[in-house]
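Going in written order, the chains are labelled A, B and C, and every chain counts its residues from 1.
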Amino acid sequence: MRYKWYLPYLFILLAMVGLFVFRLGPLFFAGGMSFTDWSMFGSPGWVGLENYIEFVKDPTFWKIVWHTISFSLIFVPIILFGSLILAVLLNQGIPGTTTFRAMYFAPVVTSTVAVGIVWRWIFGADVGMLNFLLRTLGIESPPSWLSDRQFSLVVVALVFAWKRLGYYMIIYLAGLQDIPRTMYEAARIDGAGALAIFRKITLPLITPTMFFVMIMALVDSFKNFDIVYTMTRGGPGTASTTLAYYIYQHAFELFQMGQAASLSMFLLVIVGGISVLNFVYKSRWVNTQG
Amino acid sequence: MKKIFMVSILILTAGLLFANGSNDASNAAPTVKADEPITLEYWMWDPNFAEQQQAMSDRYEAMHPNVTINLTALDPKSYWTKLAAMAATKQMPDVFNMHPNSVEDFVDQGALLDLTDMIKKDFNKEDYFWSVMDSSFGVKGRYYGVPFAWVGSVMYYNKDLFDKYGVEYPKAGWTWDDFLAKAKALTKDLDGDGKTDLWGYGVFSRYAVYDGWILQNDGDYLNREKLTFEPNNNAKEAIKFLYDLANTYKVSPHPKDYDLDKKKIKLIFQQEKAAMISEGSWNIKYMRQDMPADFDWDIAYFPRGPHWKADTMHAWADGISIPASSKHPEAAWDFIKFVLQRPADDYYPGKVPFYKKEALSDAWDDFKSKGVPPEHKTIILKYGENAKHFYTKYWKFWRGYASAEGSGLSEFIDASLNGEITLDEFYKNADREANKMLNKAYR
Amino acid sequence: MSKSKKIILYTLLVLIAIVNVFPFYWMLSISLQPLKAVYAYPPQFYPKHPTLDNYRQIFVKYNFFRFTINSLFIATIAALGQLFTCSIAGFAFARMKFRGKELLFGLILATIMVPLEVVIIPEFLLMGKLGWINTYLPMIVPSFLIGTTGVFLMRSFYENVPKELEEAAVVDGASPFMIYWRIFIPVSRASLSALFIISFLINWNAFLRPLIYLNSKKLYTLTLGLISFVGEFSALWNFLLAGAVVSVVPIFTVYLLMQRQFIEGITSTGVKG
């Protein structure tokens, strides 16, 4: 292929505009903003590290960091193992698999907003379906899930996991299908039980996929703005407020753009750390995901 | 082919980035001739009332053929966010509803047009409830908005339930003791399962539900000089009384047991799970039209506390403002004057027209003229005489409102009503969080 | 597989299916009931007197049809744009030589995981400067141009296209663009449709951008229409869930028709966004 030196740059021009104008540019801009006291209306003034110092000293901020981490701690293991179980069940090659797969996948295509609305109704304290079931089972006063500071974050994380399980199930299924059938057959001939097969064959061979899923689920777990917004708006109080929601609140409700930018830097550091982890270990999953 | 492709890709990119460079030029032509076509963007926060507003805009358009009114009705939760976002990008609507809970925030940012001179020129003080203008839209002696109506918090009660259980209706001048006796008599376990199904009263942290109590005990939770959260003893007495309603006398449910929010408080009343609730007077519309109650109901003042001195009402105005950056201030002002003069029938039920002639008309007292409840709607008219509110800069955030409904002070009020924290903890937390915001606002 | 094992397996599958499907059933069931029945306790498991009244009401009060068209328009344009941007850039990264190639590609990879929340504030200010607030452009342009995963995916695909295909065209005197357009695009049809469907889904369900950029109701997307519906009628759960059903039906239809592409899309892109 022969071409002028500048032609490749034209080919990547659109992607580069996207990269520099809508990704890297804003990223650096946000970094700069985080050292200012920019409110939405006014003009920015340099305040140095003040925003950061204020947050670090504020117990509410640390509570919110903890909520963000808790959200991931609930979400990631459920995804990691839950979707693996779904995939293994569906990988048995029994009739009806396609139908079940379609049903398990349905929450993935549904918007988070619709998911949040229907689960809010199910988790309603007084006339919600779940509490009706619990009362029927003899639990006198079931919790007020979303209005209870002990439960709201857990419930939101669970619902988000419910929505995302099907997605990771598909990734696992792809990984499982790469395992040669012959290995299972050989093991079965040797008289290995289902559990033994899972432990000795499936698990080791699926580990790279699991690692990949873990990284992806971790990153996914920080994209919790939509579900928090629709289910609790961070409440009661700040009980289910996460960093993503806190950024939104500071920027678009408090109009403290500078502070919001410094919050987004905290989030960036967390996600950046995970990206580095991913990069270091990438060789381990890239083969199975080709 | 290659050249076409290259050129088109360049054009596309350039177009994406610079297409709107021309925008500024068109913005820079503020002078408008008398009958040049003008479009006024008008924003309001209540989609449930958009039809009536639209009808009014249509009438105005018919009278002024060169003016087009573009009405945008946003729900109250996103209204302020959107408005501020438009302010940030210098694209505010030409006319928009304004509330005393935000007026200082916007004035502070220089976003509102100073209307003082226009108001002085065009308004005759005697024709309007002027004190409402002063308390709601006066900032440092200047006016930044015009009330079109004013509203206050009231007690709603279910007359059928009062009759059924032989409880006398609230009378003018009723006290906390009267209230408690009634609430106790109306708290019932109807199916005998040991749990309350009918509550005497429903309360949670919302400003329009909660704050009226404090004023009727001559209390205040703000230090108005220093602008800090600092409840005085009378306010503390009211806070304790409300705490006891939920936790000691158990005549009010824990808010969390019904997921109480601004919609569900009305719902427990409408579904006869609570015999009394307090809410803003504008909910008369809700009770009449949106989810009509199938029982007879009425409204009353908040009861008087032991330190009551004079009926002090939790009331304020809803108004209209023009942005400082307005391209058509005269046209906008003319439209505002038209809005203010509309007939009482056209008003949001439960809101009192700022224009006295309409407020005092029989048309506004529609119980008298049409027989629709509440019978005592006219008690709101007296609110104009001794009204007080708690709005400050950053009010939404330290008090907890709109998208931040459950945060700020609200978080701790609800936690105390839920019995999750003691009153001491409430004061400690509320002092820390509310004052953090207030300090930020006024530093 | 033994019979007992099969029974256990099916029981598990059905139980999980119930958890997955029940919320959708519940959505539908409530949307067919009048408000009184919705708030009845104990809850009714199926509508005793089903009515379409809620749907009639929300279509009268709320232009869900318009919202659907808006969402469809935005998601389609954004996804098509991403296909073009990603495939042509992927082609250049895979088959062309130029200075800074590794660096630029590395930068693309580095930003793959940055959540939208981190860049949304400067982006918002930029959109304001451009005068794009309350237009579709903020929903379309960034998605049009950013396709970090897409570029990655297309590059890996094009790297594996046999050299002979390309060489035959070069002999015929075809320009690089013709080679990309006439040869590489057709051979990557499967990857492209998978990428399209994933990108469509993401844009269809997008929430944060419509929330902060759109003001006029006539521009609302389905997700934003639904959430503002919550703000206005949040006690009217029969309306709300009817709205939710309306928002779910179009994407479900697409999904059922194009299941294979959805699954390919996920397995090949792996990453969301």
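One rule holds for everything that comes next: a contact is a pair of C-beta atoms (placed from the backbone, for glycine too) under 8 Å apart; a residue touches a chain by one contact, two chains touch by 3 or more.
All values reported here derive from a predicted model rather than from experimental measurement.
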item	value
Arrangement of touching chains [line / ring / star / complete / other]	complete
Comparison of A-C and A-B (more C-beta pairs in contact)	A-C
Chain centre separation in whole Å, for chain B relative to chain A (CA means)	37
Gap in Å, rounded to a whole number, between the CA centres of chain C and chain A	16
Sequence positions of chain C contacting 2 or more other chains	39, 124-125, 141, 145, 175-176, 211-212
Multi-partner residues of chain A (each touching 2 or more other chains)	14, 17, 21, 126, 252
Residue numbers of chain B (touch at least two other chains)	16, 81, 85, 88
Contact set on chain B toward chain C in their complex	1-2, 5, 16, 19-20, 23, 47-48, 72-78, 81-82, 85-86, 88-91, 261, 263-264, 266-267, 271, 291
Complex contacts: residues of chain C adjacent to chain B	35, 39, 124-125, 127-134, 141, 145, 175-178, 211-212, 215-217, 228, 231-232, 234-236
Chain A-facing residues of chain C, complex	1, 5-6, 9-10, 12-13, 16-17, 19-21, 23-24, 26-27, 30, 39-43, 84-86, 88-89, 91-93, 95-98, 101, 104, 107-108, 110-126, 141-142, 144-148, 151, 156, 166, 170, 175-176, 179-180, 201, 204-205, 207-208, 211-212, 222-223, 226-227, 230, 237, 240-241, 244, 247-248, 251-252, 254-256, 259, 262-263, 266-267, 270-273
Parts of chain A lying in touch with chain B, wherever the complex brings them together	10, 13-14, 17, 21, 39-42, 60, 124-126, 144, 146-149, 233-238, 249, 252-255
Chain A partner contacts - residues on chain B that touch it in the complex	6, 9-10, 12-13, 16-17, 80-81, 84-85, 87-88, 109-111, 254-260, 396-397, 402-407, 410-412, 414-415, 420, 433
